[in-house]
Amino acid sequence: MSRQSVFAYELTWPVYDRLVRDGDTPMLIPVGAFEQHGHHLPMHVDVLLPSEFSRRIAEQVGALVAQPFAYGYKSHPKSGGGNHLPGTTSLDGATLVNALKDVIKEFVRHGVRKLAIMNGHYENSWFIVEGVDVALRELRWDGIEDVKIVVLSYWDFVTDATIEKLYPDGFTGWDLEHGGVLETSLMLTLYPDLVHMDRMVDHPPASFPPYDVYPVDPDWIPVSGTLSSPRNASKEKGDILLEVCTRGIVNALTAEFALDPGTSVSAA
Amino acid sequence: MSRQSVFAYELTWPVYDRLVRDGDTPMLIPVGAFEQHGHHLPMHVDVLLPSEFSRRIAEQVGALVAQPFAYGYKSHPKSGGGNHLPGTTSLDGATLVNALKDVIKEFVRHGVRKLAIMNGHYENSWFIVEGVDVALRELRWDGIEDVKIVVLSYWDFVTDATIEKLYPDGFTGWDLEHGGVLETSLMLTLYPDLVHMDRMVDHPPASFPPYDVYPVDPDWIPVSGTLSSPRNASKEKGDILLEVCTRGIVNALTAEFALDPGTSVSAA
Amino acid sequence: MSRQSVFAYELTWPVYDRLVRDGDTPMLIPVGAFEQHGHHLPMHVDVLLPSEFSRRIAEQVGALVAQPFAYGYKSHPKSGGGNHLPGTTSLDGATLVNALKDVIKEFVRHGVRKLAIMNGHYENSWFIVEGVDVALRELRWDGIEDVKIVVLSYWDFVTDATIEKLYPDGFTGWDLEHGGVLETSLMLTLYPDLVHMDRMVDHPPASFPPYDVYPVDPDWIPVSGTLSSPRNASKEKGDILLEVCTRGIVNALTAEFALDPGTSVSAA
Amino acid sequence: MSRQSVFAYELTWPVYDRLVRDGDTPMLIPVGAFEQHGHHLPMHVDVLLPSEFSRRIAEQVGALVAQPFAYGYKSHPKSGGGNHLPGTTSLDGATLVNALKDVIKEFVRHGVRKLAIMNGHYENSWFIVEGVDVALRELRWDGIEDVKIVVLSYWDFVTDATIEKLYPDGFTGWDLEHGGVLETSLMLTLYPDLVHMDRMVDHPPASFPPYDVYPVDPDWIPVSGTLSSPRNASKEKGDILLEVCTRGIVNALTAEFALDPGTSVSAA
Amino acid sequence: MSRQSVFAYELTWPVYDRLVRDGDTPMLIPVGAFEQHGHHLPMHVDVLLPSEFSRRIAEQVGALVAQPFAYGYKSHPKSGGGNHLPGTTSLDGATLVNALKDVIKEFVRHGVRKLAIMNGHYENSWFIVEGVDVALRELRWDGIEDVKIVVLSYWDFVTDATIEKLYPDGFTGWDLEHGGVLETSLMLTLYPDLVHMDRMVDHPPASFPPYDVYPVDPDWIPVSGTLSSPRNASKEKGDILLEVCTRGIVNALTAEFALDPGTSVSAA
Amino acid sequence: MSRQSVFAYELTWPVYDRLVRDGDTPMLIPVGAFEQHGHHLPMHVDVLLPSEFSRRIAEQVGALVAQPFAYGYKSHPKSGGGNHLPGTTSLDGATLVNALKDVIKEFVRHGVRKLAIMNGHYENSWFIVEGVDVALRELRWDGIEDVKIVVLSYWDFVTDATIEKLYPDGFTGWDLEHGGVLETSLMLTLYPDLVHMDRMVDHPPASFPPYDVYPVDPDWIPVSGTLSSPRNASKEKGDILLEVCTRGIVNALTAEFALDPGTSVSAA
């Protein structure tokens, strides 16, 4: 019998229903953004990366992957260059909270009891927390209290040892990795055709004061839109990042959801 | 010089900015749903079809295509089988309204002044109307009054002559075309690998009384989840539908946006 | 003993309480609009007609009638001429949804378990669907799951045979019946003093492209505000429409609510 | 030429448009409630009274009357017996605020610049204040700053001299006049057929501590649902109240809107 | 063992938990405003007074006091001079409703079952009613139905005898007591350093017509911002008011919460 | 002439109006939380610290201080122990966003053009960002575009050199400083009477996996409620922290608001 997709939406409903009805199959929901990523990367990096991580992880742990959220919370100057930039297309906080709440509740209605929110855009973090909280509250009002939701961002699974290896000259923090080595390397590994290293802008890491100012002062932001240089990105580094994050997340979900990592929904 | 994508999100921001800054390039926003479509179709039919229409049309009229809305308004018994069915994953009306409002306003902030909402899910229709209305109201509060938004559903461009050709035994209306000849034929033309004609359930068209009842009575709905049989679907019919709808929409957008249909953004 | 009103609000609370406390008496809620209807009709046609249908039906099936919703969702160009027209006075979608939700929940608190939403304004349709859905959700959170709500628009009960009789030259669809033969004939039967046939504007049916454009282009709309001519309206047609719709709705409610059509709340 | 209605909704749009387009004609919006009023009064007293006051006043000052708000804010124990009572059918505060905001903005869009909110239900008062405030704020965002809105409750126009005459044994305050002498007398004057003095319950005025308790303790409320006895109500008192309130409101609107009280829109 | 604070927020959580876990200890929540109070009083009078009343009452009845709400609903011309005045800093109605709802639900989560909302700003009254109502509704959805909430404003506990003593020349009503004898006297008793009697503006009581006009006409309001003169305020009157209100509220809470007034949480 | 308060709410409105009317005087708004802080600290630490920083800074830069927000966003397990803990009393995200929006807009209405949001609770951060963004959007709709808002958290001004001095054994990050050395030392310097070092619980720093799980697993959190031990806190460290943060913020505000640090509003 042939393999079937791990993408929930590519299934027919009877196949999907069989998989989720009893609550055992986890659902991974990628949450990304439509955000400028410099001169060398497309604007859906934050959708592509958590979606592809989700696909790989789902295959290993027997999970399904939901349609990604393609629009996220407003870009912040210190982690995405700011929401004033061309191309960046964002939601109000309340919109993201409500959309995530609605979708979580629907999957639970189908039977899903194990969900992972796979974040790919730093600025989404707290609106995901709130969306999860209000979803759980309304599910509780419906008498459903056996749902478990893991919330994660893939970069948090990069180990200190890997950081040292990838950033031999010192690591400036995940915030500044907007369009920098991390994202560019992963894109070189996973979507090389979408990376334009020839247009890449090399510049020192952005440097910010310990506070924010609104409306955003465009002069704070490198004109490229990236916050650190992608110059040192490489497919090799992307391979390492892909491996270490995938492994870390697989382990986390396996433990939290009491999964048997050898079983995949796509293997029939 | 090479062609570039019509997908706005696949561009880098400087390329995107050059295209939209002066307001000439239209933006097409596909709005779909995550909804069961019977035993033979995947659940993202309503995302795939308007997205692919958008891509083809964008290439002909020099437009860009935004990330699709992958989740839509609640499935209705008479046009989608009802929102109680497994797999169907929907948003509250207010969530869809606000998400569309946010995204429209962002594209306008970038410079876009010509937008087309490319609907692929019947139930979205009125929440799109409301989202467009509140977006235009808030844009007006920002002093922006030169935006033009076309709202359309691709099936409304099927001509009477085509309907007669495709439904020789009589046409039962667009509502019942949920998972029927229209959608299945188009999927056979565009995404044949995702169609499982061998699992297709043949049944007479659903028949409904002239009113609705809530909570939905599952007995009203064919157990397959489709509202009319896909048995007479074919790639040939899909080709015809694809051609007539694409042509109709191209003509509509060309007229409304005063476009020169020979120019494509993807030809550089 | 004398007859009493079928209008719930004309009763004293002890009489009302006795009727609804045990859930047997249905409540009919007319939902209309404040909308221009051409040069010959007043602006509350969409309130008057469903209210009068409700009154007649309530008397036959032993139901009560609630205060009508006098303001509805924004008029659409293709079914009401558009919300830019003078006189038309509309609610945001969310306002209508919440108002209907609140009112449904209150009647259920009193004991009502059978409700019918009697729509008189096409544009209300999907916001009624949403209002009903969120009302049922919150009632569920209160542990109440035995409510049944019928949603209907009276014109959907006009049979094909009646359409043929009333529109011998062909029927252009319910959408274009804004201020046309349907509404004008019914008003001539029920509220002749409010109809000014002498001011009526005769014009061909409006003709629209298969898409919408926002902001609305006033040139799309006949300057009269009607979408088809009321010239062929007559009291005779109104009598037929009144009879066929009333009968159809009585049958529908009798079946859905398991009513004994011979019993009226107003006969004591 | 014949008189025309003061009810805005009974007009055709061309007639209405001519009256309001230049901003001179005031619009009176009655805001009521669906609320139990004891054993002797129907539940729409708070709609009927401000609507009839509006009609009479409109005829004297050349104003128009909008469709009344038939549902109001939740009944309060000390002024309406409490929202736990059967029959009382209320809106959340936010719903009333938004409905009033929407409607005010629409009338202003038509050209109206002088509005009066004619309140008939004490509990509405502060949500009317908020609805007016947010309407004016959004109108300001649309660049409209020449709107004037009068907010009033008819009973506030009863003079001290009239109170002494009507309540020779002492006046217990407007709050307790729920279903008491004031409302019953006005109903006897205006809608005697809807008053059932034979079912009236005589009881001493309700007596409340100087605080509220929630959930409402039903024992605080007279079992009749009225807060003071209607026993001393009479048509004679109703005539006096009708006259003094009408005159007071006419004077107020004439002064605030710089009207010429001799001109009526209904006299052509 | 030493006394501990009655301010819940000054406790450590284990001490707090021990006090509230079983539901016996009442929680008093002061709700105030940031509002101009004339030339002689600071702008947080409506926070200081209910907070200090709460502290004194809590000590007598064994209650705790929550952080006060420092911002309230918009100042009204007839009770606070109007929200157009400098310094007055107010919330939208919905914001106050939701904030109060959230906080009440949290205290109930901790175990609190007896709450008193201690209002210090007249304009808050109806938004407190709504906040309490929606909090109780959502608590009900969580299956919690044993909560009792008292809502009060301290001035409602001033007896008629006290009014006669304090206002020998006649009492003009609590509304006009904005920055007048009541508030000024209490401030002289409790916070004399914050009262600037030398800057006090003496003027006759404000006189208003029996209706409101929006936007507010600044000419209606005394230029001082007070609505009646504080000239006759005195510490002696403040002492009396403090005593009579404290005693009245202690008695009310003791009765409603079945408390033993001799026991204080602060005595261990 | 005597000094006057830097607390805006302690001023009379004429004094306040004189200071803010022309936009030069900055307004500092402390935003805190009501949150358990272990066995040794009270629950309003996050209100006290930013309020006291604000007071000191205001005196140095000539600013005013607003009433603090005493309730904040829900406590997060990794930075506050989680919102399931007793005592923690939090707002929904939308409530905090709207409250901050309302208050910012009011201060701007008074004339304020320089605002600083002084955050004392890590979890508030992104809801402050959103509140500021929507406030600026609505101010823009009112035609006001010259507002500048600084957003800061005092701990971000602790220099690396200071961290090395204060944490000789290594710094575990600001997140774990919940009830640890930072907050406890500052409280020992500023509010020693509210610190109970004798009840302090010593434990190793909390250790979390690189993801979150909801509902929160209480076993992840040290039973004390603190995330790192306060054992090494001291008044000496508090003095250093107070000095370095105050100086850093004074410099930041002086630069951003183009202030003359020698001038204080409180010196007249």
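Per-chain numbering from 1; labels A, B, C, D, E and F assigned in written order.
In the analysis below, a residue touches a chain if its C-beta (ideal position, glycine included) is under 8 Å from a C-beta of that chain, and two chains touch if they have at least 3 such contacts.
In this text the structure is predicted, and so the values were computed from the model without any measurement.
J.: Strictly by the touch rule at the top, which chains does chain A share as contacts with chain C?
T.: Output, common partners of chain A and chain C: B, E.
J.: Chain D and chain F share one sequence, so how far apart are they rotationally when you fit their Cα atoms? Give it in degrees, rounded to a multiple of 5.
T.: Best-fit rotation on C-alpha atoms: 120 degrees.
J.: Report back the single chain whose CA centre is most distant from the CA centre of chain B.
T.: E
J.: For D-E, find its twin among A-C, E-F or A-F: the pair where over half of the contact pairs carry the same residue numbers.
T.: A-F
J.: Across the interfaces B-F and C-D, which one involves more C-beta pairs in contact?
T.: Output for the comparison: C-D.
J.: Per the centroid of Cα atoms for each chain, what is the distance between chain B and chain C, given in Å?
T.: Those two chain centres are 30 Å apart.
J.: Measure off the straight-line distance from the CA centroid of chain A to the CA centroid of chain E, and report it in whole Å.
T.: Spacing between the chain centres: roughly 47 Å.
J.: Just curious, how far off is chain D from chain A if you go by their C-alpha centres, in Å?
T.: Centre separation, chain A to chain D: 55 Å.
J.: Quick check: what residues of chain F touch more than one other chain, meaning two or more?
T.: Where chain F meets two or more other chains at a single residue, that happens at 92, 94, 141.
J.: Write out all the pairs of touching chains, ordered by chain label.
T.: Listed by label, chains in contact pair as A-B, A-C, A-E, A-F, B-C, B-D, B-F, C-D, C-E, D-E, D-F, E-F.
J.: Enumerate the contact residues on chain C facing chain E in the complex.
T.: These residues of chain C touch chain E: 138, 141-142.
J.: Across the complex, what residues on chain D touch chain E?
T.: The contact residues of chain D facing chain E are 73-74, 76, 83, 92-94, 97, 123, 125-127, 129-130, 132-134, 136, 148-152, 156-157, 209-215, 248-249, 252, 256.
J.: Quick one: which bits of chain C touch chain D in the complex? Just the residue numbers, please.
T.: Per the touch definition, chain C meets chain D at residues 8-14, 16-17, 20-21, 34, 36-44, 47, 66-71, 85-92, 94-95, 98-99, 102-103, 106-107, 110-111, 194, 196, 199, 225.
J.: Could you please specify the touching residues of chain F with respect to chain B in the complex?
T.: Interface residues on chain F, with respect to chain B: 140-141.
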